[in-house]
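Chain lettering (A, B, C, D, E and F) follows the sequence in which the chains are written, and residue indices restart at 1 in each chain.
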Amino acid sequence: MPIVNVVLLEGRTQAQKDDMYKEVTDALCRTLECRPDQVRIMVQDFANADFAVAGKSVEAILAERAARTG
Amino acid sequence: MPIVNVVLLEGRTQAQKDDMYKEVTDALCRTLECRPDQVRIMVQDFANADFAVAGKSVEAILAERAARTG
Amino acid sequence: MPIVNVVLLEGRTQAQKDDMYKEVTDALCRTLECRPDQVRIMVQDFANADFAVAGKSVEAILAERAARTG
Amino acid sequence: MPIVNVVLLEGRTQAQKDDMYKEVTDALCRTLECRPDQVRIMVQDFANADFAVAGKSVEAILAERAARTG
Amino acid sequence: MPIVNVVLLEGRTQAQKDDMYKEVTDALCRTLECRPDQVRIMVQDFANADFAVAGKSVEAILAERAARTG
Amino acid sequence: MPIVNVVLLEGRTQAQKDDMYKEVTDALCRTLECRPDQVRIMVQDFANADFAVAGKSVEAILAERAARTG
């Protein structure tokens, strides 16, 4: 423990994820008094079409935005 | 909030998912007194081979059914 | 399937949850072509102190808001 | 119920997963007094790059190990 | 890994859970070629009122059943 | 997004959790180019009896350790 599940929208680079693993692990160890080797982090990337806010997929929201700003 | 995770077997169309986002968001707002912009829904599609019922993958169950009804 | 996990902040009544189970199940069946008996919904209530937005627990956010509006 | 989510690192064969479904279902039924048809198991395969231990992705850990044992 | 989340309806004894931890861990190790110390299992107990099947909470389903069989 | 679920063993103070929310949110924003208001973190505390490593609950592991060091 801690076991951390990070839900993201697709699109981050592996370098960003690798930085995140390091910094989030450090933050958890500083604040929760745990050792780095006790920390597991998993990333779940969701496609824009599989994540919805206010009843609309992010894919649809972005498409509408693009259409408006043409 | 609410944050909703919907686990499905693979195969729904995007149109079905988009309808689901709208109708489930409306249902949540009607019953839980929340605003649409507070609702997040994520869909996790599982392959038939990665989901099991009664100790058998859905893939195996469907294959057996197909073999029986040949 | 579908298996639905609904994360909420504590505080909804059981009547609200029971209405939500019915209406969300109907919405899923209408849009995803599944039967009611295939739908499972679980509710996870989180205490305000165990849920954070923008780095602050909802508990702290509400306390600040109450202090401001005294 | 029970509904079981099994997080794995990518790489198991389907045969291994199918054996696991059977044996874990049997284990659950033996110990929790439930019927096989009440048991659902889902497998989430994570890429080595999407799972981190001690602040480093499994991908990076394996690469370093390979480099050391070159 | 594996990291296993077991969702249950409230009511199992600790002895049942302890047996389950042992037998499920053994089943995972036999079928997925992993070591016991790599296996983590967490149990989430849901109240009957927080879990619904076919649009009705288990609590309501059991109450109706009790009323019918008086 | 990101939506972060942190599974912990029971026992952290609220002050530790509040520090964790702040520092993990900052770490995510630094590395994933997101805004604090986009970050949601939820903490799931597990009782020692509901979390097992290597087939044994943490509760049992700690009891054995205490008995050995009497």
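In this section, a contact is a pair of C-beta atoms (placed from the backbone, for glycine too) under 8 Å apart; a residue touches a chain by one contact, two chains touch by 3 or more.
Everything quoted here is computed from the prediction, not taken from an experiment.
**Student:** Applying the touch definition from the top, give me the chains sitting in contact with each of chain B and chain E.
**Tutor:** Per touch definition, common to chain B and chain E: A, C, D, F.
**Student:** Could you find the chain whose CA centre sits the greatest distance from that of chain D?
**Tutor:** C
**Student:** Which one of C-D, C-F or A-E makes the same contacts as E-F, at least in over half of the residue pairs?
**Tutor:** The E-F interface is reproduced by C-F.
**Student:** Quick one: point me to the chain whose Cα centre is farthest from that of chain F.
**Tutor:** When every chain centre is compared against chain F, the largest gap points to B.
**Student:** Counting shared numbers against all numbers at the contact of chain B and chain D, is it over half, same, or under half, different?
**Tutor:** different
**Student:** Hey, how far is the Cα centre of chain D from the one of chain E, in Å?
**Tutor:** A distance of 17 Å separates the two centres.
**Student:** Approximately how many whole Å separate the CA-defined centres of chain A and chain C?
**Tutor:** About 21 Å, centre to centre.
**Student:** I'd like to verify one number: the distance from the centre of chain B to the centre of chain F, where each centre is the average of its C-alpha atoms, in whole angstrom.
**Tutor:** 28
**Student:** For chain A, write out the residues touching at least two other chains, lowest number first.
**Tutor:** In chain A, the residues touching two or more other chains are 3, 7, 24, 26, 40, 51.
**Student:** Which chains are in touch, pair by pair?
**Tutor:** Listed by label, chains in contact pair as A-B, A-D, A-E, A-F, B-C, B-D, B-F, C-D, C-E, C-F, D-E, E-F.
**Student:** With touch defined as at the start, can you tell me which chain C residues reach chain D in the complex?
**Tutor:** Chain C residues touching chain D: 3, 40.
**Student:** Across the complex, what residues on chain B touch chain A?
**Tutor:** Checking each residue of chain B against chain A gives 14, 17-18, 21-22, 24-26, 36-37, 39-45.
**Student:** Inside the complex, what are the residues of chain B that reach chain D?
**Tutor:** For chain B paired with chain D, touching residues are 7, 46, 49-57, 60.
**Student:** Considering the complex alone, what residue numbers of chain F touch chain A?
**Tutor:** That would be residues 1-9, 12, 16, 19-20, 23-24, 26-28, 30-33, 51 of chain F.
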